[in-house]
Structures are given as structure tokens and as C-alpha cells.
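Before anything else, here is the set of structures, which you'll find just below.
What follows is subunit A paired twice: with subunit B in the first complex and subunit C in the second.
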Partner chain A sequence: MATYTLKVRRYQPESGKSPYWEEFDVDLDPSLSVLDGLLQAKDRDDGSLSVRCSCRAAICGSCGMKINGQSGLGCKTQIGEAHAAANRRGGTNGAAAPILIEPMGNMPVIKDLITDMESTHWTKIRRVTPWLLPHGEAPEREYVVEPESMIDITQSMACIQCGACVSSCLSMEADPDFIGPAALAKAYRFVGDPRDAETKERLHDLAHDPHGIYDCTHCFSCIDACPKGVAPMDQIMRLRRKAAEEGVDDDPNNGANHVNAFVKMIEKKGTNDEALLLQETYAPGVKGKLKPTKGAIKGLLGSLPVAIRGIKTGKMRSLPKLIPGVHPKLPGGAQDEVKAIYEHTEEHREEFNLYIRGEEDVEPEPDETKMEETA
Partner chain B sequence: MPAHDVLVIGAGLAGQRAALAAAEQGVSVGIVSKVHPVRSHSNAAQGGINAALNPGDSWESHAFDTIKGSDYLGDQDAVEIMCREAPEEILHLEHLGVTFHRNEEGKLGTRAFGGASAARTYYVADITGQAIMHVLYEQLMKHADSVARYEEWFCTALALDEQGECCGVVTRNIADGSMELFEAKSVILACGGNGQVWKPTTNALICTGDGIAMAYRAGAKLMDMEMIQYHPTTLAGKGFLITEGARGEGAHLLNAKGERFMERYAPNKMELASRDVVSRAEQTEINEGRGFPDGTVALDITVVPKKRVHEALREIVLVGRDFAGVDITREPIHIKPGNHYTMGGVKTDVDGRTDIPGLYAAGETACVSVHGGNRLGANSLLDTLIFGRRSGADAASRAKRIDRSRPSKAVLEAEQAQVEAIAAREKGSGRRVSEIKLELGTTMDAKVAVFRDEAGIQEALETVRRLKQEAESAYVDDKGAVFNQDLLGAIELGYLLDNAECTCVAALERKESRGAQYRTDFPERNDEEWLKHIDLQLNDAGPEISYSEVTITQWEPQERTY
Partner chain C sequence: MKLAYWPGCVSRGFTTELHGSMAIAAERLGIELVELDRANCCGAGIIAEHNQELADTLNARTFALAQQTGLAMMNICSTCQGAQSECQQRLDADSAYRAHVNEVLSGEGLAYEKGKDGWTNKNFLWVLVEDYGLDKLAEKVVRPLSGLRVGPFYGCYVVRPKERLGYDEFPERDLYLEKVIETLGGEVVEYDGARKCCGFPVITMNRETSLRQAGTHVGDAIDAGADCLVTPCPLCHLNLDMQQPEAAKVVNRDLGLAVLHLPQLVALALGAEPKELGMSKHIASTGWVEDKLSAVPA
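Up next is the complex of A and B:
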């Protein structure tokens, strides 16, 4: 038993007051959860402290919130650990830091920790046509499918719709219309399902939407936030790969071309050649001749302000170094090693899936026997 | 005033299945739930769903196992229906998109489960309930035109017309606190069980017996309320569930001496005996000093191959890691029996009809009865789906048959007054709701659990009746309209106390040991006197007891060994 201080971002819509912070002291075993702490404060001190919760075991997805700035589930975060994390952030004047608790981000707040998931999360879920679209009559018995295909999409099915990934999504902060990690993970559940007959239509739809699969910037926030190991970003990357496999490469976002340009460049040069990346994205060189895509000029011009900002802020190299063709080579035989990684990846295309491999085998181990086991 | 032909209260598996079945008949359907549908507690069903679908298996074998599991208190006509219709329901779910586990041929694969004579449990890793419920919710989104969803609306009372038929429900929109009288020709209660009467419990905080209490208050009969399942493998203290699938995959139960003690209690089925048997065995080990100091025994999953654990029991890996700090692939985890399931509930026939015309019940809220004295693992999802569907279909055909009768506004006004009265109680005028709930939960877990006796149950009943008095003056802090969870908690407390009182009265009445009801003062099953259901109906003084016959079709009661 220990005492913890919870500093909760509160909002009482009927009070006429702006949001404010309030501290609650709670006494519980460090192995209990942040949600247990909140419920103790609610039970003992202030019944108006509002938080959605039900199962207490990370299966219902009700208690999405930010704890010390990190999106997750209140019930799945041990209060002792949250306390330690808060202390690493540091208290003022040597005092212990309180555990900071806020409502989820990227959603309007209704009251205290309760957010409006309907207008954001669920609207986006419905955007991806979230039901199976088989063609023809159902078989008399079950659909016969590859066993691995069901295990593969079970990772997406493990999603409990808690919204933690949406809360943490940096792309959505920049573009509120981004379909987002949860809904795209849901989309993969159908795209990866061999019983669904509209795979290509789904992929075309998600690739052509300017707020679709190419709106993700690979920041990994959703993977960090997800309490169920769904790894939404991985599902988005699978959607991109599937789109390429299905020949959906004419998206107006130029996403597929951008991916190809990047892959080719790293294979050849090892590091990013920014000048070439733009050109290759919009006008990929085919046998020495430039082959501009539709809207290449517009796209290139549109990218200029970004490029200029990049140079100004030091995120891109200075102008003289951007002359196409002038690009430093990787030292020694490093480029050969990059090529070897490419070859290895080509040979072992199995995709990482928690239900196949288990968590601890995720550690990067260059152990091929393990990969073969799962094949 | 929203009006629908069929109104479903609760949006777990039973409720969603009922709504979809009713909508198929072309009637107007509304589904009301106090939480967003995917938050419903059907999520927590981990292990799977039973059906005799494998070649060589038969519905008769499934039915016999279920009846034996029920300790012959299940109604055999209802069990027959459930087991006969199970295979078709599994295929229906598969066609809708449930990602059931496949065998090497790509066909539906099964795992073993407790009390079953064949491996007939279909599953999605150990998230079967969640996977099925999310797929049904996909269908609700697809059929949004025919099923109106009222997400985060709380129900406070049923409305009856002058003929005593159910014709609506009083609801509160949680988002803004407004109260509405919903009209309906048929109302289906699918509100889940009452696990929150006990503490700890595997059940979610929302499982407060709302449907059972609302039906009881409206005058419907309840049945088998003494039959409360304690699940053999729950985490000590926190009550979290470790799926029976773990034992289905081969995990062992060990006492503190490292003995596989089930050898002494169920030499044939061992860990896969029915739940009441395993829970009693564990509790006996613990009571006789062969448990661990924290009042537990151990579940050893390390005997299951690691790859299989990750594929099929991943949720349990996470529960062990996050909530007990144990890596179940490396060391045994401490567990004990914990409150889990309400076998009893609102008495219904095989189409979900209660004895109030127009009122239906399905799933854990209902008592058809298919589970009798003890439910088999992986039969609960099946119960929700089969009887959810049948209730939905029958409720829709009733709606087509009858004219709408208007509920009186009086019930709405009475409920509004009640809510205002709760909000008006001054701070300090009584006890806190949370205190009363805690005392209820710990009392019931101490006195009305795996082993019971007259003195203990009587004591619990007296406590419950005192708490009912105290609940009348329990105050709430939140006086607002928007998301006033405090107020809803006070209403739920009333539901819990009605459920608890009924369970105590029935447990006191049944002077024998059968299924989950084990009376140390009456340790034998007594078919001559007690092969019957205990029915309860509200009168002025509380629950009034009557009895009804157990339907026996082809399986005469036998001695029950595993």
C-alpha cells in the first residue's frame, strides 16, 4: 500500500468553468491500476469525477486516457509504474511528481476523462465499410481458407476500439480528416480476409482518399499506444503492400510511387537523396527516360514550400549538396550489406504477427530457424 | 417519444443477435445499451463456443454433457433446441466474418473444454466473445437502416399497459440526462448477469443485474437464482478470468505441495471436469491447508507448448503479465475460484417469452433453463446466440400480430421523480453508494459462494435487507445532467440488492447440494424433493417462492462423476 497523487485534467460542462487540474491522493497497492486509483478517488472523494470503465482487464476498451502524456488504458497501467514514470519526468522543487491524467487527444472532451468517440473514432470506422463483403451464395459449410489467413487478421480483430491509437496519432493532429490507425487496422481485417470479395475496391478506395493509407507518417505512436498489440501502423503498411500487389499504384497522392522511389533509392545509395526522391516520386526514371506521372508538375511545385522549410530548418541538406547526382556513398562495404538486407527480406516475406510468433520472439534476432518455424 | 416494434435492452451478444434476427423480419428495431455495444461484457468470453459440428460428434452428446453439467436441473427440451441449432449458428457466424480458428485443411478447428465428451469448442484465439461481438456490431453498422442504435442510454424501468403487457421502457440518455419513454410492442431484456453483486468477480462493472431486477420489479418470475457459478481459475484479489481454454490446452492444477489434486476429485476428466466440481476441489484444497498462503492454488500452463500458448492463449499471457506480473509460459500462476456467471435469471420459455406478455429475456439475464445448476464452459456464448435469435424472431412476429398500446406517462413521471429524489439527497445524509456496494460484495463472497450453509446465507440475507434500507438514503455527489455516472451507480445499487436478495432467498430454500449450490448442511443431491426449479416473484414483502417442474425428455438423472 502506498499513497499516490493523481493530477486529473477535469472538465465539468455544466459548471461554466474552463477545464482545470485537480489533485487526488489515493492509497493502493502499486500493482493495482491507474483506473483503480481513479475509482478510489471517485468512490471516496468526488463521485462527479467521470471516467468510462467497465471490465478493468483491458478487454472492453472503455478507459482510454492519457497517463503522463502517453495514450493507453487506465486499467492496464499499473499505478506504481505510472508513479515511477511521473518521477522520471520530475517534480517541482524536489517534490514527487503527480501522475498526470488527461482525456484522450484528437477527440472532443465531453466531461472529465470522457471523450466524444462517436464523432471521431466511430465515424472513421464506418468510413472503411466495416463489414464483410463476400460475393455469391455462402457455402453450405464454412468457407475453407488458409489457416494462417485467419491468424493473420486476428491481430486486427484483437482491436478493442479503445481509441488510444487515435489519441496518440500525430498525423491526425495535422490532418483531422486522416482515416487514422484504428479504422485502417479495421480495414485490414477485411482486406486480409480471403472471404471478402472486394479487396481491390477497398484498397483503391483507401489509396485514393487523400486522407487514406498514405497519410500515415510512420511515427510509431499508435504502436506504442495500443494496449492489445494490434500495431495499427503495421496494418497500414500491410495495406500499402497489398495495394502495390493488387496493382493499385495510380493513387493521386502518389503514395505508391513515393514508396517505390524510396525503396529503390535506399537499395542503390543507402541513404536518402532528397532531390532525387522528389523527382523519382513524381517522374520515375524508366530506362534512363523520365516518365512523369499525372500531375507531376503540380506535385513537384506543391512540394517546394515543404522543401524550402526543410532546408531552412536543417531537416534537408543545404542547396549545393542537393544537386542531383551528387550524393555521398556509404563507407566501406556498407552498401553491400544494405543489398543483403534487401535480398533477405525478399526471401523471407512472412509478416510479423503476434499470434503466430509471440511477443518475446519479436526481439531482433538474426535467427533464421525461428522464421522457418513460422513459415 | 421514440417508438419501435421491437426494443432490445442490452447490446452484448444476446441483444445484438436478437436485434438482427428481429430486423430480418422487416419490423422496426431499436437497441438500447448503457455502454457502447462493443464495451458489453460478452467481450470477456475467451475460450470459445460449443457446437457438435465435427463428423462423429452429435447434438445428443452435446446435450447429454450439458444436462449432466447442469446436475440435471437444465430443462431438456431447451437444451435439445440449443444443441441442435448450434452447428447452424456457428456456420452463420462464420459466413458473417468471424475469424474462427482453422485446422490444417482450412476448415473450422476445435479445442477441448470442461465437461465435454468431445472437442467441440470453436474459437478465435482466446478472444472468441470479442471476435463474435465485433462481427455482430459490424452487422449492426451495416443494417443501420433497420436497427436504430441508442448507445449510452440507461434503462430505469419497464412500462406495462393496463392489461399488464409490456409496452415500453423508461430510459435516460446518459449524454444529456434527459428521460424518455420508449414505446415498443415487444421488449427484449438482454442485459447480462449480476456478477457485481459479488466482490471479487470476473464480471465487468456494468454487470449489475439490471434486466433481472427490472423484470422482477415488473412482476415477472425469476428462476434458479441460487445457481451462481464460481469459475475455477480467477486471479486472486482482482478476480480476473483465466480462460478454461488453458486447461483445454492441457494446463494442470497444482496445490502448494505440487500435487495434481484433481486426481482425487475427478480421476477421469481431471482438470476438465465441470466447473462446479473443479471449483469445489480447489476450495477444499485451500480450506484444508494445501493451498498457498495467499489462499490460492496454481495453474501450470508451462506444460503447454510455448508456440501454442502464443497462438491460442495470448490474452492470458497478457493478463498474467499485466495484472499478476507472471510470465505464464515460464511459471505457474496462482488462481482461485471466483464469481463468474448467473445461471438463474428471468424465467423464459424456449422463445424467450417471460410470463409478462410482450416481455422477453435472453442471454445471461434469462433462465430458459439450459444451464441448470452449472453451466459448461463455452455454452454461454451459444446460449446468447441461440436464444437471442429465437427471442428476436418471436418478438418480431408478436409485433406484427398486435396493435401498439400506449404506455402511460405515469411511469415516466414516477421514474423522473425517483431520479430527482436521489439527486436531492444531501451529502452526509446516509452512506456512500460505494460503501454499501463493497459491503454487499464482500458479504456475498463470504457467505453465498462455493460452500454455503443456512447460518451463512441467513446472515447474508439479513445484511442485504439492511443494505436495502441504507440504500434508500445513500447520497450522490454529482448533481449534473451530463454523464452523471454517480446517479446511475445509485440506481444500479438498487438492482444489485434485488438480485442479491433473490439469490439468498433461493439459496436458503434449496436444502440440498446440486451444481453450484453446495450446502455443507445438506451435502447430498436430493432428487426426490429438489429436482425442481425455485421460482421467485415479487410480492409486498419481497420474493415469494413457488416451484416448477424440470422438463425431462430422454436423460433420466444419474449419479454425476467426472
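Up next is the complex of A and C:
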């Protein structure tokens, strides 16, 4: 048993006061949870301390909150670990630092740690049409699918709708309209479902939305926040992969163009030709140059001041940095090796999902293998 | 110390000052770098968006080239680190998958071997703290950066996901920049954005979201009293420095904060001069930082 200090961000709308911090001392075994600590403070010190919770076992997804700035579940975070995390850089003036507890981010606060999930999280979930859209006549009884064909979407099905990923999302911090990690992971759950008949329509919708799959900034915050291993960002990347596979390559956000330009450039050059990448992202191929879109013109014009400044300071004062395609290939036949890799892998396109396949338990020692072979 | 060195694409593209500074820092530290000039782009997470197996194989090739030298590998780009660690995690998870990938590499006489003689691929920041050592670094400092207030900016790819990036073994990897700044004699500036996203990955897709992120972090660091930022990621540098005047327009405030590459900050404390470190190539003026530097004792 140890004493921990919880420093809680409080907001009591009926009091008319603005949000404030309040500290509570609680006595708990270090293996108990931050939620247990909050419930003890509510029980002993202040019954008005408000927190949503139910199962206390990381199943119901009710107690999403920020603990020391990290979004997660109160019931899945041990208080001893939270204390250690708060004191990683030492306490202040010899005293231990308190555990910081705040309501989830990217959504309005109703009271103390209770956030309005409806106006953000659930609205965004509904945005992705989170139900099956099969075509044809409904079967007499249930739809029958091969179990194997559903394995692909088990990871996104593990979501408990706690909102921790939404709370942590750094794109949403800058663009509140971003559909966001939870809803996009949910979208993949239906895009990957063999019973759904509107895969391409879904992908077209999410790629064309300026706040859709190409608004994710690849920061991995949602992966670390998710208490269930859903890795929402990985699902967003799968949506992008799937969109390309389904031929959804005309989004006005230059998302597909950017990926295609990058992939082709490395096949040709081996390393990044920045001038070529910019040109091909905004105006891909002959068609893109003969008939540039409004977005392309805007994008290229927008890059001009940056280029001019770069020329002035010397950052971009060389031909390969200004003229697309001048950038050299890899030396001494290495480019051919890269091309060979492209040929081989574009045929298979194997997707190795660690969530599904797991890691090998034990690998045979190389020596043993050799011995077996000799024997 | 001798390392196989993958400089990445951007350090030889829009941030050549980084490539040059790393060479200077390495020389002053006494680290010998064997540059992997036949290696290819890490894919920056973008190639994996198209074809995961392609990204994994391209990076397996780079790892194999490094292993061929018999040396551990170092990169100077958070994005390279993250993209390469992602592929390495998949390659290391399954011997059959690794064998499948190595089949293509065999044409060039290459193979990636899991855990070969304790082989690692680390960002310069990790090498500096874990392998070179802060004590040894402190001994090399000839011009302590006293009075210089530095805001750390990590780049997402060396911070998350923790499980993939070796935080079990090295739990303080997201505190290393602070440690290095202090070791070099500088003062750490605490501000909100140190471990957030610079916004670079969406600059061509959603310019406003991208620049709002960069502008907000630079602004927060200025408000916290920073003289400069330091980053181990050249892609962060592009958004925080090269795009800074554009970011200022989006967040609607004056910015103007120098953003240093990690090897530049190290080399300055080791006695190198701003000019040889290419600091004049930066878009946001580094003049303020230069004014605060003391002279190198003769």
C-alpha cells in the first residue's frame, strides 16, 4: 500500500467557475488502477468528482482519460506505473510529482472527466456508414462466410469505442473535421468485410473527403493510445492500400497521386528526387501536365515562395533540386537490384499483419538447422 | 567507434547542411562512418501504404548491405528510423517471411539475418546516448552552449509506437534530446509540442492541417522562451524551418525561430563554426543562436 497524489483537471459547469486543478491523496496498492484511485477520492473526499466507468476491466470502454498526457483507460493503467511515469524526470523540489489526470482531448468536456462523446466520436462513427451494405436479396437465414475471410478485420473489430485514439489524435488537434482514427478503423471493418458490396464506393467517399484517409499525419499517437491493439493508423494505411487496389486514384487531395509518385520515383531513382516528387504529386504523368487540375496549379504555386526562399539561402541552389528527373540513380547497378525487388514484390504484395500472425515463439538456432541438414 | 551509415534521402536533398554537419560532428566525436551509398530509400512509410512487401524488401536490402560491412547501422532521420523499424519488426517476426524476402536479395549476394552478432539500426540520437555515452560526449565539449535555450523536437517516428521502437529495453528514448542538450551545456525549454507531429506527412494533401501543426509548435516554443529548436529528423526540419514563413501565415502570428539539426547542435558545442555547419542555408535565421555562442577557446 502506498500514498499517491492525483492532480485532477476539474470542471463543474453548475458552479460557474472555469476549469481548475485539484489534488487528491489516495492510498492504494501500486497494482491497482488509476480508476480505483479516482473512485477512492470520490468515496472519501468529494462525491461530486465525476468519472464515467462500468466494467473496470478494459471491456466497456467508458473510462477514457488522459493520464500524464497519455490517452488511455483509467482502469487499464496501474497507479504505480502512472506514478513512475509522472516522475520520470524526477519530482519538483524533492517532492514527488503528482499523477496528472485530465479529460480526453479533441472533445468537449461535460463535467470533470466526463466528455461529450456524442458530438465528436459518435458523429464521426456514423459518418462512415458503420453497417453492412450487401447487394442482392437477403438470404433466408443469416449470411454465411468462410471464417478465414473474416480474419482480416478482427483487429478493427476489437475496438471498444472508448475514444482514447480520438483523444490522442494530432491531426484532429489541427483539423477538428478529420474523420479520425476510431471512425476510420471502423470503416475498414466494413471495407474488409466480404459480405459488403459497396467497398469501392466507401473507399471513394473516404479518399475524396478532404478530412478523410489522406488527412492522417502518420504520428502513431492512436496506436499507443489504443488499449485493445486495434492500431487505428494501421487500418487507415490499409484503407489507402485498398483504395489503390480498387482503382480509387483520382482524389482531389493528391493522396493517391503522392503515393504513386513516390513509389514510381524510387523504382526509377532509388532515392528521393524531391523536385520530381512534387511535380508528379501535383501533376502526374503527361495527362496531369497537359490538363492540370485546379488543385495542381494551387499546389505548385503554393510551393513557389518556398522554392524561391530555398534558392536565396542556397538550400535549393542546384539543378537536381530544381529540375525534376536530374537527380542521379543509385550507382553501380544497384538501381537494377531495386527494380528486381519491385518486379518480385509487385507480383505478391504480401501483407504481413503481426496482430493476426503473431511472432514466432522460438526460432531454431542456426547451428541446429545446419546439423539437421547434414544429418 | 565505426558504423555503417545510412544518411537518408533528405539529408542529401533539401537539407544538405545536415549531411555535412553529421560528417563534421562524427569527425569531432571520433566516430568513423561507412556510408551505404548503394542503399535505397526507406520508403518513409509511403511505400508501405502501397505495398508492404515492397517496403519490407527494400529495407531488408539496406539492412543486408549494412550487415555485409560487419558494422551496426546508424541513420540520421527519425522517419528513416521509424519506417525501417516497422519493416524490421515484420521481418524479425517470422523466419519464413524473412526467407521469402531474402530470396530476391540473393541475386545481389545479400541476405538480412535477424539479430546477426547483435546487429542494430539506430538513429544518431540513440547512438549518442546508448553507445557513445553522455560522459564521453561531455568530455568532448569545448564550447558549452551556456545560456542557449533549446526546445527539443523529436519527430513522431522515434517516439511512437513504443512497443516497436525498443522502449522496453530503453524506456528513456523520449528523454534523450533533453539529456543531450543538458550535456552540451544548453538549457532545455519545456513546451507542448516536443513529441507532437510537425505535420510534414500531409503537406501535399492538407496544407492547412500540416502548417497549423508546424506553426503551433514553433509558436509554443517561442512563447516558452526558446532560442531555437533541435531535431533529429530532417523531415520535421522541412516543415518547421523551410515552411516556417508559410506556417506563420496559417497560425496568423510572427514566428522566426531557428531550427537546428541534432548534429549541428552537437558540432557547435564541439567547437565547429556555424558557417561550416551550413546554418546560413536555413530559412529561419540562426543569427540569434550564433550571437549567443561564446568563442571557441584557443
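One rule holds for everything that comes next: the second predicted complex is superposed on the first by the 269 of 375 C-alpha atoms of A that agree within 3 Å, B and C clash if a C-alpha of one lies under 4 Å from a C-alpha of the other, contacts with A are read in each partner's own complex, and residues count from 1 in each chain.
Quick note on the criterion: a residue touches a chain if its C-beta (ideal position, glycine included) is under 8 Å from a C-beta of that chain, and two chains touch if they have at least 3 such contacts.
Since this is a predicted model, take the numbers as computed values, not measurements.
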{"item": "Contacts of A:221 with subunit B and subunit C, given as first, second, both or neither", "value": "second"}
{"item": "First, second, both or neither for A:176, with subunit B first and subunit C second", "value": "neither"}
{"item": "Footprint overlap on subunit A, comparing subunit B with subunit C", "value": "354, 357-359"}
{"item": "Complex contact set, residues of subunit A against subunit C", "value": "88-89, 170-171, 173-175, 178, 210-211, 214-221, 223-224, 231, 237, 240-241, 244, 253-255, 258-260, 262-263, 266, 270-274, 278, 281-282, 299, 302, 305-306, 309-310, 313-316, 321, 330-332, 334, 337-338, 340-342, 344-346, 348-352, 354, 357-360, 363"}
{"item": "Interface residues, subunit B side, partner subunit A - complex", "value": "35-36, 38-41, 43-44, 91, 94-97, 99-109, 124-125, 127, 130-131, 134-135, 138-139, 141-142, 151, 175, 204-206, 238, 240-241, 306-307, 309-311, 314-315, 317-319, 322-323, 325, 432-434, 476-486, 489"}
{"item": "Touch list for subunit A against partner subunit B, complex", "value": "12-14, 31, 42-44, 46-48, 50, 52-62, 76, 78, 110-111, 114, 117-118, 125-126, 130-132, 134, 138-139, 141-147, 150-151, 153-154, 157-161, 189-190, 193, 195-196, 228-229, 354-359, 373"}
{"item": "Residues on subunit C engaged by subunit A in the complex (per definition of touch)", "value": "9-10, 12-17, 37-38, 40-41, 43-54, 56-58, 61, 82, 89-90, 92-95, 97, 100, 103-105, 107-108, 114, 156-157, 159-162, 172, 175, 178, 196-197, 199-202, 204-210, 212-213, 216, 242-243, 245-246, 280-283"}
